[in-house]
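So that we are looking at the same thing, I have put the structure below in structure tokens.
Letters are used for the chains, namely A, B, C, D, E and F, taken in the order the chains are written, and counting of residues starts over at 1 for each.
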Amino acid sequence: MQLKAKIRPLNPLLYRNIVAEALAEDLGRGGDLTTDSIVPAGLEARGRIFARRTGVAAGIDLAVETFRRLDPEFEVLERVEDGSNLDPGTSLLRFRGRAAPILTAERVALNFLGALCGVATLTRRFVDAIEGSSASILDTRKTTPGLRALEKYAVRCGGGVNHRMGLDDAILIKDNHIIAAGGVGGAMEAVRRNAPHTVKIEIEVDTLEQLKEALDFDPDIILLDNMAPAQLRQAVELINGRAISEASGGISLETAAEIASTGVDFLSVGALTHSAPALDLSLELESL
Amino acid sequence: MQLKAKIRPLNPLLYRNIVAEALAEDLGRGGDLTTDSIVPAGLEARGRIFARRTGVAAGIDLAVETFRRLDPEFEVLERVEDGSNLDPGTSLLRFRGRAAPILTAERVALNFLGALCGVATLTRRFVDAIEGSSASILDTRKTTPGLRALEKYAVRCGGGVNHRMGLDDAILIKDNHIIAAGGVGGAMEAVRRNAPHTVKIEIEVDTLEQLKEALDFDPDIILLDNMAPAQLRQAVELINGRAISEASGGISLETAAEIASTGVDFLSVGALTHSAPALDLSLELESL
Amino acid sequence: MQLKAKIRPLNPLLYRNIVAEALAEDLGRGGDLTTDSIVPAGLEARGRIFARRTGVAAGIDLAVETFRRLDPEFEVLERVEDGSNLDPGTSLLRFRGRAAPILTAERVALNFLGALCGVATLTRRFVDAIEGSSASILDTRKTTPGLRALEKYAVRCGGGVNHRMGLDDAILIKDNHIIAAGGVGGAMEAVRRNAPHTVKIEIEVDTLEQLKEALDFDPDIILLDNMAPAQLRQAVELINGRAISEASGGISLETAAEIASTGVDFLSVGALTHSAPALDLSLELESL
Amino acid sequence: MQLKAKIRPLNPLLYRNIVAEALAEDLGRGGDLTTDSIVPAGLEARGRIFARRTGVAAGIDLAVETFRRLDPEFEVLERVEDGSNLDPGTSLLRFRGRAAPILTAERVALNFLGALCGVATLTRRFVDAIEGSSASILDTRKTTPGLRALEKYAVRCGGGVNHRMGLDDAILIKDNHIIAAGGVGGAMEAVRRNAPHTVKIEIEVDTLEQLKEALDFDPDIILLDNMAPAQLRQAVELINGRAISEASGGISLETAAEIASTGVDFLSVGALTHSAPALDLSLELESL
Amino acid sequence: MQLKAKIRPLNPLLYRNIVAEALAEDLGRGGDLTTDSIVPAGLEARGRIFARRTGVAAGIDLAVETFRRLDPEFEVLERVEDGSNLDPGTSLLRFRGRAAPILTAERVALNFLGALCGVATLTRRFVDAIEGSSASILDTRKTTPGLRALEKYAVRCGGGVNHRMGLDDAILIKDNHIIAAGGVGGAMEAVRRNAPHTVKIEIEVDTLEQLKEALDFDPDIILLDNMAPAQLRQAVELINGRAISEASGGISLETAAEIASTGVDFLSVGALTHSAPALDLSLELESL
Amino acid sequence: MQLKAKIRPLNPLLYRNIVAEALAEDLGRGGDLTTDSIVPAGLEARGRIFARRTGVAAGIDLAVETFRRLDPEFEVLERVEDGSNLDPGTSLLRFRGRAAPILTAERVALNFLGALCGVATLTRRFVDAIEGSSASILDTRKTTPGLRALEKYAVRCGGGVNHRMGLDDAILIKDNHIIAAGGVGGAMEAVRRNAPHTVKIEIEVDTLEQLKEALDFDPDIILLDNMAPAQLRQAVELINGRAISEASGGISLETAAEIASTGVDFLSVGALTHSAPALDLSLELESL
């Protein structure tokens, strides 16, 4: 599969503290009462994490980091690449290490991995739904607080494309900004005057009239919000390559293909990160 | 509705840093380029956050805290209580304040609120599904890294009951612990010897044989994992009030009622926190 | 001695940051002016930490972590196990490493070790004082701010048992809670309704009347506060195995044996963590 | 009493984070299960914190900060000054506020206050023991990890004097430094060459011979370690005002007066901070 | 002057922690020994901060935040706007408050203000140097570690324009990237394939040949590195409005005007943030 | 050159977090979009950092730490010692490692190194300017917020001497303190009464009259502020070795030699840390 080659990596500095804090959240002040009471410190184990459902891998480095925090000697024997398709039973990771820290870290590792594979899996379903079109699937800022960089990486693993990471890396003018500025023109001029030339300017429009008005000010990207397919088609014609176009508003797996067929460049899907069910994964110790 | 009266509150110290970090994640190094470029600092606004779908409120204090971090003068005009039922159009919060910080904080506030209302809503659906039974709905440690205390609070808002908060506030002996200890007896004795008397001891069993073995050691709670309803019924009879019983393993809205009818005390549902879709909410500025 | 085998370990994640902050507190902004001015970077040393008084070892891993933070090559040559008895002159740790970081870390390492051995030593004295009884020695939440997990571990090293780690891992109903709830019954019902079934419920009583009232509500644990031995004996009879019993209130090394002889399960001793004198330890460089 | 007027204050920036972390340590992830389950949010209370034993007040601001973190409306009605003498029954603080946060914060507030009053109380006993001499009582770096600034403040409240705060605000040349430098002269020259002229230079000596050698290099302060009173007297004569003198080594309440009578300027007492028992304090709600 | 109206504000969330840490750095563990020893707590003062040299104001909010951290009652009587021109003697801030915290915070407040006014002042000198041209002055990522958002704000106060805030908000392809990709085409294709469509793509070229090659791939911005004015002029002609142009490489106040006259859109000046001398400011207490 | 031998080292604990935060500041939430999109993960490189101008090396350990945070395998092949003189073209560091993390860390590493070499270089110029005198060059607390320990180390690398690190490691009585205390005598007595005997006492005087008054109270150090050379000479005579003398106030490379010739012990130069231009450095990949 070609997709894997395209995944821009996630810098480990972006998740190390998050992993440490997630472990601290689970360990509390007392640590793993059960494992610490029962499992001998020296006991070794081999095991694997595998999928119980069809899905897409994302975040294996985070799982490994979780185990390594508790046992620097934790050893990876085999792993799939993030972005790989998973069938029920597919191993994501085979490993060897001390049993006690593995059992202590298990839940946190699976919580990360299940959540990120879940995002990647839902993304892949949207990507597949619009296959054959020229459009791409886009995420949003509707992410889980604290996990944005991770979830956006998982979107990439699923074959999606990232929209801006936050409020400071692109301009997105929405309806309230337009009202505050007294109109599209006022808003566009304000951002050209005040924002750096290194960031792109995107504007959200609800109607074709607003679209025409916006086009006069030459935005880089236009977000076509809540338009029906027919209207989207007209919008794409009006834009005519002068700006990148994104469609947003309640796009589902059922409606994605039709929307993609209108010629828009991107379909923006908040659900990728705010409503993806976790992928069902299990950790199994093969020898103990 | 009586449920609201029962919700144990969430101490603000448990979410203040989380809100601050979520805002920092969205503001990045540059802040809100769009709003800062367009919206005059002195502009005032009134507005509300409302539900677009049926659901249950949870986390309104977090939304308020998010706005207040950016504007200490942000004023709440009206709000529902967490745990309230929401219909499409119901306002969760009416407010007044400066427009610029409201627009900057909007997405983070909605991300928290949408996620927590989502958890509460799914919980309520499970609670409703087993209405009439003597069982309660239980969450798990399958929570979003960094948000456990918040998600567990949202479960309470939905009418669910919290299982342990982490590895240190109750004993839960699972299959690998039993293997490591060389049997149920070894594991139970190890925890009695090593763990504080102030924590309860729970043990997971897969079969009625294991259950019988476990009962000999007088655990406080027994987790009946992946048992069919008929088997659960037998297990409940075997336990016969000597321990609290929990059923777990792929419990869905479809199967919950039947499982609850077996007489188990609790149904453990990981999906409450790992797979609840966000509740669809909107922020609307009524005057600007 | 058998005790050592029973000590539940302290997860390194629970002290790494504490060690780092303690070093930062001592280094300030300028570092170790004396050592940095005098001791050549390459100078190697061997040395040991030994006890000047009789006591019990606790926290050797923290001392090692302190040295390793400043010199990852710091090498442990020999060490006793936490929980071991120490005589004047007994080495806790023999080591080899660079002299400069050893001298810089010395005070912080000894501050941790002296404090934790002090807690373990006082605990052991109480444990010894009630030898032959069926009771155990219990710590409290009267710990040094920031060091609770460490001090509770030291209590375990001394042969004591930990009470709850904080406000969230067990219920403890005290007099003011009872007043606020309008009585024992109101308080017990409120916690049963609002608190998770995974935590135990303990209630404090001052009189036999209160005890009888409490027993009607079937608490897991009863704290018998400030009762004289005779009264304690009656209380134990009244409880008659229906709940775990703890005695508290000014228990000293002088009174412990008599209290233990009343049949209570636990003696709760705040002094273990709030008033244990540090064990007198020294670091000696044997070759420089 | 005059002492109070001399107490150099503790900047609130030096304890705010420490208080916040201590509360977090006690609240864990779940908060105060007992109070949150029982005490109505709106219930008001008045109360006080009082001493059960004779002692010296220190750290009342920290107690107030602890309550205010949980309830910004917490109101102080009356308080003593830090440094005041306390008799059994003396109120340190009278207050009014919401009952729930007061009960939640109670233990943490008392832990700080008990520990700091304990340090102040022991310090005052040493100060009283040497009354009439020209010497002062000095603390050391043998402090509780994380609490040094607080404990050193408590020493001041007790009438003691602070030695250096850490490794970077004064030079203290000890035996191992002398060995590493090849002698007293080498060590003194190294620090003069390498350390800032803004810090004082202190050197520890064990014998009169070492003292004579040290005096040739004109140190600011000389630490006379483990010398008997007769030897100390000779040392003071030898120093003859050319340096400040400190005596250290196992100084107890029994031996302090004799040591002070030798003419040394300071008596260094590690026990002030590593072995002071907490002062026994209680919080009492007067109306609920 | 019009410039002031254009300054995009600095969100307080972006500097609050930085101010707190700077105060902590100066207070150390012991606080302000001098002020705490001398200045009575209740003493009030009025004063001002004024410029000793000609310059531009930037960062007054940070100075105010610094004082408020130590005294929430600190009152601003009068202040200039950031971006204002300052003559020797001009007051930036007039204030009233308690003398002790003002003296304690003085140095930190002035360190922030002096540094940021310094950046704004140097920026303004460059802006003035190219007045009359169509070019703007641009900053770089050559900022002081930890202070990027602040220094970039100061650049805006001086009339400059911000380049990207970090590695994640725009693409900038440099020579080593081109080598690693095997050429301009490979690099441009890689970023188009892997980077979000919401970020702009900039490429650095050293020669007109490279420029022509780059233009084939339609970058948003071209950085013309180390080109002489004549070459720059040719480059601008070649670009011919198809991309934004930036000149970089040793641009000084002497050479800026000539470079600006070549028609480039931006002059990139690292010195704005890595080599701006602090503006000489003083704090004066007018009444004490 | 002898200077190098005298440089007191910088403890790595004092900069590790600063390096991590500087990388986080540059990576933002998205990481290095350019490098991550273009440079293959496995690509190896060799390279060097070299000076483009004459200067003095300082902070090479920080640059190495920056690279190692992103690639623990980063290998140093050759390096100069901090404090070494650099000519245009001199390599500070030769290294080998993976190309991607080197390119990602390049700017942060150079920002640290350029700033610290800049401080060391300016310091060395002042040191050279007063060569032959008995005076030394001194830094101040006019440092960049967050970087004080680093900048003071760079001053040492340049041959300068550090003044106090912060408000808590020496007393410095300034004019406002004198006013608040009602005179020199009141201020000196207050600090003797309230501040530890382990810190030195410095007082700032503006006139010879003030100097005489101050000398009566036997301060350790006297800061002669804004005195002309003739006046300084008289001051030095008056002091006559009874205190260390420092001159401050607008000392420049032009005036330093004359001031040094007055016999003062130290020249205090704020510009060393608040106005040193960065040293111009480059990173060059020699093989890729």
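Everything below uses one rule, namely that contacts are C-beta pairs under 8 Å (C-beta built on N, C-alpha and C of every residue); 3 or more make two chains touch, one makes a residue touch a chain.
Not measured: the values here are computed from a predicted model.
Any chain bridging subunit B and subunit D, meaning touching each of them, is among A, C, E, F; the list is complete. By residue number, the contact pairs of A-E overlap by more than half with those of exactly one pair in C-D, B-D or B-C, and this pair is B-C. By number of C-beta pairs in contact, A-F leads over the other of B-F and A-F.
Between subunit C and subunit F, two chains of identical sequence, the interface residue sets overlap only in part, with shared numbers making up under half of the total. Subunit D and subunit F have Cα centroids lying 33 Å from one another.
Subunit E has its Cα centroid 52 Å from the Cα centroid of subunit C. Remark: subunit D and subunit E have CA centroids separated by 44 Å (rounded to whole angstrom).
Shown for subunit A are the residues that touch two or more other chains, namely 8, 25, 27-33, 36-37, 104, 148, 162, 165-166, 168-170, 193-196, 199. Chain-to-chain contact here is organised exhaustively, every possible pair of chains being in touch.
Subunit B contributes residues 20, 23-24, 27-33, 36-37, 41, 69-70, 104 to its touches with subunit E in the complex. Residues of subunit D touching subunit E in their complex: 8-11, 13-14, 148-149, 152, 162, 165-166, 169. Within the complex, the subunit D residues that touch subunit C are 18-19, 21-22, 25-40, 43, 99, 103-104, 107-108, 110-112, 114-115, 118, 141-148, 165-174, 176-177, 179-181, 186-187, 190-191, 193-196, 199, 270-271, 274-275, 277-278, 285, 288.
On the subunit B side of its complex with subunit F, the touching residues are 25, 28-29. Note for the complex: subunit E touches subunit A at residues 6, 8, 161-165, 168-170, 193-200, 202, 221, 244, 265-266.
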